[in-house]
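Look at the two complexes coming up: subunit A is in both, with subunit B in one and subunit C in the other.
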Partner chain A sequence: MIRHLFLIIWNQKRRNFGLILEIFFSFLVLFAVLTFIIDKYNYYRQPLGFEYQNVWSIYQDTKGAPKEEVFATQEQIRNALKSFPEIIDFTFTNSNIPYGSSRSITSLKKGDKEIDADIFTVDEHFASTLGMSLSEGRWFNESDRAAGYKPVIINGVFKEEAFGDEPAAGQMVEDYNDNPLKIIGVVDQYKYRGEFVKPFAGFFQRVDTTFAVRSLLLHVRSNADAKFEERLNKRLDQIASNWSFEINYLDEMRKSTLRETKIPMLIFIIISAFLVFNVALGLFGVLWYNINKRKQEIGIRRAMGASKSGIGRQFVGEVLVISTLSLALGTFFAVQFPLLKVFSVQAGVYFLSIVVSAILIYLIAFTCSLYPSVQAAKLQPAVALHDE
Partner chain B sequence: MLRNYIKIAWKVLGRNKFFTFVSLFGISFTLAVLIVVISLLDNMLQPSYPEPDRDRTLYVNRVRMQNAEKTSTSISSAGFYFLNEYVKELKTPEKIGIISNGTTTNTFVKNRKLQLELKYTDDVIWEIYDHDFVEGKAYNAANIANNDYVAVITEETRDDYFGENQQVVGQTIVTDNTAYRVIGVVKNIPNMPPDPAADIFVPYNTSKLDLTQRQFLGGYTALLLAPTKDQMEEVQEEFQAMVSKIEVPADQHLSVLEAWAFSQKELISQLASRNADDNAVLIFFSILIGGMLLFMLLPTLNLVNINVSRIMERASEIGVRKAFGATSNTLAIQFIVENIILTLIGGLIGLGLAFLILQLIQNMNMLAYTQFTINLKVFLIAILLCVFFGFLSGVLPAIRMSRMQIVNAIKGEIK
Partner chain C sequence: MIHLQNVEKVYQTKTIETVALNNINLEVGKSEFVSVMGPSGCGKSTMLNIMGLLDLPSDGKVMIDGQTFEAYSDKALAQFRNQTLGFIFQSYHLINDLSVIDNVELPLLYRNVNRKERKRLASEALEKVGLGNRMKHFPTQLSGGQKQRVAIARAIVGKPKIILADEPTGNLDSVMGNEVMDILLKLNEIDDTTIVMVTHDETMARKTHRLVRLFDGTQVN
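Now for the complex of A and B:
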């Protein structure tokens, strides 16, 4: 039966070539869009690793003030913030804060291995302000100030790359100047660039006197409102009237970060849905037309004793064979992506996407061929034979 | 003859309504998407409010400094010092204005927080930009010389801060803990690149920054207005000659200075490529055109398949015409013309759809205050696209049709 179907298709190869090409490109479009969506969704499912509710960020534009002056002023700010009952916790950090736009990358060495990683310069209150928990070891505390080593805390991706499944706390790594760093803790996840972004290796180091950090994160009570913000802003201005302070809410920064992924995703989905719908309509029309052209063939088959369902099955089968040929061609191209590692997408995502795209294509082809095939099956042999 | 073709095309369209619907649906949606993309791009490239001379303006908004070994690089907008001391000295440009990048400032009004985007500018900017003033006027050189704390705000800022449609000139607005006297109110400004928009504009010398520091990198952009479009290259050459003569003091860590004066086209291409590449314009437009062709591929294939089916319907007509001496070329051309007529009808529907989509984008304020118009140029490009699309999807079926054997064709069989 199937061999026979292939033969029919082969005999009509010129007519079917166009359909094969069309289904092939539809498959590639579906594959591309699904890969994008599945990839993003996979990252989205992974835990974020911190809390963004009721967290505010304050960027301090120090207008080029010298380092010592910044430290002194920040000490005053620290004391002032402690007097606000609305503030539960706060932390001074470098500007690569969650949902911010800035990034800072360096490489660390573990033996011969070099690992590129985000570097977060933070203080002792960072984990508590953002509600982060550690899977190993501890966060920075006052005892690190006098310690003879430079402590760091790494994230899960870094641990995976450097140590695999081995415990990492207590291990040593080196920075690019070969200075030893002692790992005192591990944070499983810290997806500071947003839910949709692929987690990247990263580590936290303690703020020290080498440079001044410019960002502040506040964990405020849920009743903190604009009135409080105005008071806070005034107080900050009293302390440092030459500086500018930019206050933002993390949940709003999160919304705009998510939008950067969601809007292109939506546009892709709409456009590819249109393309596929268009192809489905075209396929339906062409199949209907082709089947109508073959009334004589249907008549003869019916006269020779083929059942109605046999005719229907033949036409649906033909379309599915055409789809299979297109999918074979499409899969050949699609598997090149995981094989050649064109983008940094996991192989599993590609395969899932190939499978889902193929199922969708079969569904579309089946749906489009169903009505014309049923029409063909309904033909009376006498009518079909007298087509002319 | 063309009239005959049109007549035939019209009849064919009416014959199989389902096919006609499928064809028109595909054509119109495809062209609508392409027209939306083109008109968004056109909107960025063409002069529009508040930049009437965008097509002869150059933007100095990227400076790159490297150390002598080129191992360490810093790229950002220009420093005020660099623009004021060097760029302002250029001779060819008609006008040279300076405007800062926007900074978000906090202001509090009636227990509500407002975030205002604030830009520092000089007085010349107001001569290069041509804002519609609802009330008052811009600040001038005298205001800057007096170190006046004056501000020009947008209608939206006025409505949010003072209340809707108030007379506000002379009133005080406090943002970033600094008080400014409102001197003018302008119509809202679209924030399409190169982003002339802000909520409040104030004189550059009200900034808390020390502007006398020898800074080449910073948060400022200069706008150079060339006397004519043709003199833009001349301005760019003078600019580069000026940059190459600057000697950065050796005590600075990064001492190799490069800077660019981009036209709007280059600027948009740079935004897309993110590195200072000389071929950015070429790369950007090839990617754009390639992407559009790729997008057209599936609808074209679909149309080809439908067309191949449709000509089978007309096999006997073709046979008869051939038998009476019509050449293959005549038939092929006839079919292509018919197809182009079909795409043109689809194109008109597409234009309508595109207009609706653009209205939607505008009404939902997705791109703040941008006014979209489908102008003559976009319209002509759309027509051209239709013809191209029609030709592409018509040529293959036409060739197949014209090659039919008379005998087979009359019998209505196609091999």
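Now for the complex of A and C:
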């Protein structure tokens, strides 16, 4: 019977071409949207690598103050912050803080390999302030000040690119000026650009006297409120009256960052749902029309020995065969994406999208064909045979 | 072979009731070739549809090959039609999207006969009606007479005991009509197939064993 269904569809290829094309395009739209969603969801599932709850960021606009003055003022700020019981921990860092808009990239060398990586300039308190844990080695401490090497801590992506499964702590890499850097620790994950963003290789270097960093992260107690913020602002103004301070909350920044992905995702979903709905309507209409045009054929088949359910199965089967042809064509194009590595999306994501899109298309086709097919099955053979 | 007892068929709408068949009692014996005549709208096709289990009587009893069908499911009825009955229609009723051989194979497809056997039996049936050289053609590429011969091949491919023919020569000129009639007569004589044929053509009807006349849904002889 399956061969017979393929034969009918093949013999009606001109009539079915539009339908095949319609399903083919809706498959591609679904495939694109699902790839986007699955890809983002895969990143979302991966651990963030830091805590954002009760973490405040303070950007210090030093109004062009010289480096030495900035260092001295920051030392005063450091001492002042220690006196606030609401502050559990704090850290000075450069501006590429979690959920911020800044990004610094450099490249490091490991043998012949050159690895592009985010560079984070941080102090000894960065990991404890953000609740980060290390999978290898240790975080920066006072001993690094006097060390005869420049210590760095790398993230998991960097480790994998440079060392694969080998341990990285204790290994050496070089910066772009061929200066040796010693890896003293590894943090598995630090997705500072947000949950939905693909993790990128990165490393932490210790803040030194080369340049002044301008961001401050505070891990505050949960009872830290607006009154505390007011006192904090006042104290900072006392220390650096000519600077300006901008306080933000990491959980608010996170929400805004997530929105940047969620909104386009929602738009894609709405557009594809609308397209799929239109395809479903089209499919339903074409089937309805086909069945009305083929009433005589239904009568003939019933006279030749087809049962009601056999007629229903035939029409559903034809739609599934048409869907299969469309999906075969669609899959041919879809598999080019992982094969040609068009985007930096894992092959598994593409294949999962292909499978899920195909299942959805079959479900839509099946659902749309069900009612017209049932109506076709209900036709009285004698009536159907006399339909002109 | 076919027994209609007090068969009635009434079509009812909200406002009107039309009696298509009124108290029909008819017995068609094994290997008999019976023709049914009557003016248009007298119920000939309705009677043929009831004999072919394509329609249900409003009242009365239908017995075919010793079976009654009150307790038959739709599937069992379909199976009975497939095994026992062959149909030939005035307007051929071939499926234009299928080739000649695929059209002829159709009853065997619903009998789950394997593809090779289907092809063999369909070729055999087409040879029998003189269309062995038109198997790959499509119905639209055939003349009316050829189409009707394909329809006959389709009706006989499953070797049914009964063939129900609804004006099989109605759309054909006299030469083609005679050719088709000759095939039916041979089927009746050689294969002992029981045939009930509705016709408007007195000449054709005279070639059969018995003539049944209907008028306004009633049997008049």
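Note that the second predicted complex is superposed on the first by the 388 of 388 C-alpha atoms of A that agree within 3 Å, B and C clash if a C-alpha of one lies under 4 Å from a C-alpha of the other, contacts with A are read in each partner's own complex, and residues count from 1 in each chain.
Convention: a contact is a pair of C-beta atoms (placed from the backbone, for glycine too) under 8 Å apart; a residue touches a chain by one contact, two chains touch by 3 or more.
Bear in mind that the values here come from a model prediction, so they are computed numbers and not experimental data.
K.L.:
So, does A:310 touch the first partner subunit B, the second partner subunit C, both, or neither?
P.N.:
After superposition on chain A, A:310 lies in contact with subunit C alone.
K.L.:
I'd like to know which partner A:72 touches here: subunit B for first, subunit C for second, both or neither.
P.N.:
Once the two structures are laid over each other on A, A:72 reaches no partner at all.
K.L.:
In the superposed arrangement, does subunit B or subunit C reach more residues of subunit A?
P.N.:
Of subunit B and subunit C, B contacts more residues of subunit A.
K.L.:
Output check: A:230 vs subunit B and subunit C. Expected answer is one of first, second, both, neither. What do you get?
P.N.:
So A:230 only meets subunit B here.
K.L.:
With the two structures laid over each other on chain A, which partner does A:363 touch: subunit B (first), subunit C (second), both, or neither?
P.N.:
neither
K.L.:
For A:355, decide between first (touching subunit B), second (touching subunit C), both and neither.
P.N.:
neither
K.L.:
Considering only touches as defined above, state whether A:266 meets subunit B (first), subunit C (second), both or neither.
P.N.:
In the superposed model, A:266 contacts neither subunit B nor subunit C.
K.L.:
Between subunit B (first) and subunit C (second), which does A:381 come into contact with in this model arrangement: first, second, both, or neither?
P.N.:
second
K.L.:
Overlap of the subunit B and subunit C footprints on subunit A, residue-wise?
P.N.:
Shared contact residues on subunit A: none.
K.L.:
In the complex, go through subunit B and note every residue touching subunit A.
P.N.:
18-19, 21-22, 25-26, 29-30, 33, 103-106, 108, 111-113, 176-177, 208-210, 213, 295, 297-299, 301-306, 308-309, 312-313
K.L.:
Would you mind writing out the residues of subunit A in touch with subunit B in their complex?
P.N.:
15, 18-19, 21-22, 25-26, 29, 61, 63-64, 225-227, 229-230, 233-234, 237, 241-248, 271, 274-275, 278-279, 281-286, 288-290, 293
K.L.:
Which residues of subunit A touch subunit C once you look at their complex with the stated criterion?
P.N.:
It comes out as residues 1, 3-4, 7-8, 11-12, 296-297, 299-310, 380-382, 385-386.
K.L.:
Provide the residue numbers of subunit C that touch subunit A in the complex, in ascending order.
P.N.:
It comes out as residues 45-46, 49, 52, 54-55, 74-75, 77-79, 81-83, 85, 87, 89, 93-95, 97-99, 102, 106-107, 109-111, 115, 154.
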